[in-house]
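Structures follow.
Each of the next two complexes has chain A plus one more chain, namely chain B in the first and chain C in the second.
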Partner chain A sequence: MPGKDMKLKPGAVIDEPGSSTKTKTGEWRTLKPVVDKKKCIKCGLCWLYCPDACIKIKKDGADIDYDHCKGCGICARHCPVKAIKMVREENGKSN
Partner chain B sequence: MIQGLPEEELFASGHRACAGCGAAIAMRHILKAAGKNVIVVNATGCIEVVSTPYPLTTWKVPYIHVAFENAGAVASGISEALKRQGRKEKVLAIAGDGGTFDIGFQALSGMIERGHDVCYVCYDNGAYENTGIQRSGATPKYAWTTTTPVGKVKHGDERWKKPMPLIVAMHRNCYVATASVGFPQDLYAKVKKGLDFKGPAYVQVFTPCVPGWKIGSDMTIEVCKKAYYAKVTPLYEIENGILRFSMKPEQFIPVEEYLKLQGRFKHLSKKEIKEIQEHVDREWDRLCGLEGKKIF
Partner chain C sequence: MEKVIETSHAIAEAVRLAKPDVIPIYPVTPQTHIAERLADFVADGLLKAEMITVESEHSAISAAIGASAAGSRVFTATASQGLALMHEVLFIASGLRLPVVMAIANRALSAPINIWCDHSDSIAERDSGWIQLYCESAQEAYDSVLFAYRIAENRDVLLPTMVCVDGFSLSHVYERVLLDNDEKVRKYVGKYRPLFKLDARKPVTMGPIGYPNSFMEFKEQQEQAMKMAINVMRVEERNFKKHFKRDFYGLIETYNLANARYAIIAMGSVCGTIKHVLKQSRLKDIGLIKLRSFRPLPKEALKKAFEGLKAIAVIDRAVSFGNGGVLWNEIKALSCLPVHSFIAGLGGRDITPRHIMKAFDVMQKEKENEKRIWLK
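Let's turn to the complex of A and B:
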């Protein structure tokens, strides 16, 4: 995040693509999606509908980037095999 | 490829869109369709506000933010400059419904009329959502917004949504398509087609807004599916003047099932729901009447 010593570039140009990943929007979350990798069939529907590009489909199943996931719950609602559960953030340490 | 779409994300994480934002899902898939060889011109609106908190950016492609009213004009200029320089980059203009239906309309109309090689995508969330949910030309009738309140005298918005895709199509010599973020593969194909089209293209994407429509953050896609089956969002394209449905539900549901998911419609009376149903049916029949015909 910018500090006091931040220098403005001419034309307010931003020259670092995709730098918003520095903001950890995962802090907004109250409900946390937890994937049961045994149930996951790697169909990619959660990946398709994620507004925050937080899900990767890895070899062992869907993998969630908790630094940026805002906990909207779309992935859990649309998982065809109910492999994703939304749990309260403070109880979500199982993953 | 996952679900028929490329894996690479050109719309990064960490943007400030609300949890469950429909427009943010749309941006991911629009950029997947555009690829890296594109210049994005973005009018003021939700997506501009949430994706470019200075000095950070969510975009991984060249991007310029312009005022509310001139995305069409700036995109026209960039397209002509690229042509003069013999460059092959595509130009993608992105604006919300306020920046398209209302404020940016004349710049868009000029862009289409002059025939610039630009694909213009409007993400339609049906109001000025990020400034506090004020009504726009895209707000459906009877929807609550902060400027069309619900009380004893007024019952939400008083006018039907502007039929923007058909208005754009009547400029002639353009590609026009409607899409919904509930069907990303269809959206992807249409944006790709719009960018490949030699000349102006207009793609309008239906993107639910969690706070503005008063829906749960996990309901975004559900609302899109209900809207599709209730005939609220017909998915069609107009290519070479011929209107064709890209997807058509085999069975319909009553419009009430779509309306009752949203807090912005919770005040509706039976009579008003019936009026909306009749309007939706009439508009659907009008489109079906045009299907397969040359409309320009």
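Let's turn to the complex of A and C:
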């Protein structure tokens, strides 16, 4: 069941469509990917490989959705110019 | 119309009038006569229901859940090993708040293998979140099935409900049953209007994951629904009485209790034997408290019944090995009185007037000294 703001219906029924977007699953992360936008060449490989569809290629480079990124590190592994580094989360907080 | 019919057939008759849309069922002794009679009704065109002859009880209750989630009224029935096989799925029916009604013909659990009556099958499902009603007579079984739909489908309750009858010693017994006319009964049961259903035109999600941040709230809702069920049953008892112009049974039923200083508590068909013994012996000092609703446990009604008593005897047809009678444990937690425990009638052993008299004697003689006795 998603966020605390939703009313809890009997039997955990969800009768509002699209509610999965309200669930922030990025809280599990221990390492987070940080993009060095100066190095980024906007090739889109990280976007292609991200298993959680958490990366968008914007004008200034790869942009990561930290609400849903689990910190798997596949993007950093595949970046051809080493623009993505995996950094330890501090105080258990994301972002 | 009054008719002498078998309790299983009385249950099937009530189900015919409740008109379930789907009946997923698997035969098991001593529930089989219910399944057979329902199959007759469907084959003869007297009941327009989808009868699914599933390959196991696990499938029966799973199909019942699916059908109920789709907005159907559902009935099934089982006993003993069949109920045990349903175990994991029972919690899903109650967790999803689906008002499935299921008859149980109570039977012992193996080993040693035994097909006769005791309450160990349904008592083992005490914590599954199902309402459990126990019946004494064929009439009570018939009435309770109709009543069960009214309770289970009430929007303040929405809980699956078991209607329990003692295997053989009630399920196969022929008794006089008052069968009201079809229209009157159908009007009482009414139509099932689900709060949510699986419908492509208005999609909902059923059975999502419950994270630690919401799981407890859903369980709390189930506990509240059980509490609400007590109030709803009280109201429905009055509705039943008004509609059919005859008494309904209450969460508990008392017999000879008005001037009694001792009470014996039991569930199911043995209550008939106890009433018989009390009538024959003309004992003024002992009364019967028949517990009809085991879940939810009507604590306030029981406490009120205990007022003025000196001691209580509890007859259990199920054992929690390592801590004695199950019902005894629950009554003990409700009362400071001496509560004597009697285990009786396991695996179909007859509970005779001699056993009841023994319980009476012990309760009156032993005073504070609580006894735990197996009546064999």
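In this section, the second predicted complex is superposed on the first by the 72 of 95 C-alpha atoms of A that agree within 3 Å, B and C clash if a C-alpha of one lies under 4 Å from a C-alpha of the other, contacts with A are read in each partner's own complex, and residues count from 1 in each chain.
Note that a residue touches a chain if its C-beta (ideal position, glycine included) is under 8 Å from a C-beta of that chain, and two chains touch if they have at least 3 such contacts.
These numbers were taken from a predicted model, which means no experiment stands behind them.
A.B. asks: Identify the partner contact of A:Gly11: answer first if only chain B is touched, second if only chain C is, both if each is, neither if none is.
C.D. replies: Once the two structures are laid over each other on A, A:Gly11 reaches chain C alone.
A.B. asks: Between chain B (first) and chain C (second), which, if any, makes contact with A:Arg77: first, second, both or neither?
C.D. replies: The answer is first: A:Arg77 touches chain B but not chain C.
A.B. asks: Now for A:Lys32: first (chain B), second (chain C), both, or neither, which partner does it touch?
C.D. replies: Neither partner.
A.B. asks: Of the partners chain B and chain C, which touch A:Thr21 in the superposed model: first, second, both, neither?
C.D. replies: first
A.B. asks: Given the superposition on chain A, which partner contacts more residues in chain A: chain B or chain C?
C.D. replies: Tallying touched residues of chain A, the top partner is B.
A.B. asks: On chain A, what residues does chain B touch that chain C touches as well?
C.D. replies: Dual-contact residues (chain A): 12, 14, 17, 19.
A.B. asks: Mind pulling up the chain B residues that touch chain A in the complex?
C.D. replies: That would be residues 2-3, 5, 9, 11-22, 24-25, 28, 51-61, 184, 210, 216-222 of chain B.
A.B. asks: Can you list the residues on chain A that touch chain C in the complex?
C.D. replies: On the chain A side, the touching residues are 1, 4, 8-15, 17, 19.
A.B. asks: Which residues of chain A touch chain B in the complex?
C.D. replies: 2, 6, 12, 14, 16-25, 28-29, 43-45, 47-54, 57, 65, 67-68, 70-74, 76-78
A.B. asks: List the residues on chain C that touch chain A in their complex, please.
C.D. replies: Counting only chain C, the residues touching chain A are 95-98, 158, 195-196, 202-211, 213-214, 217-218, 221, 225.
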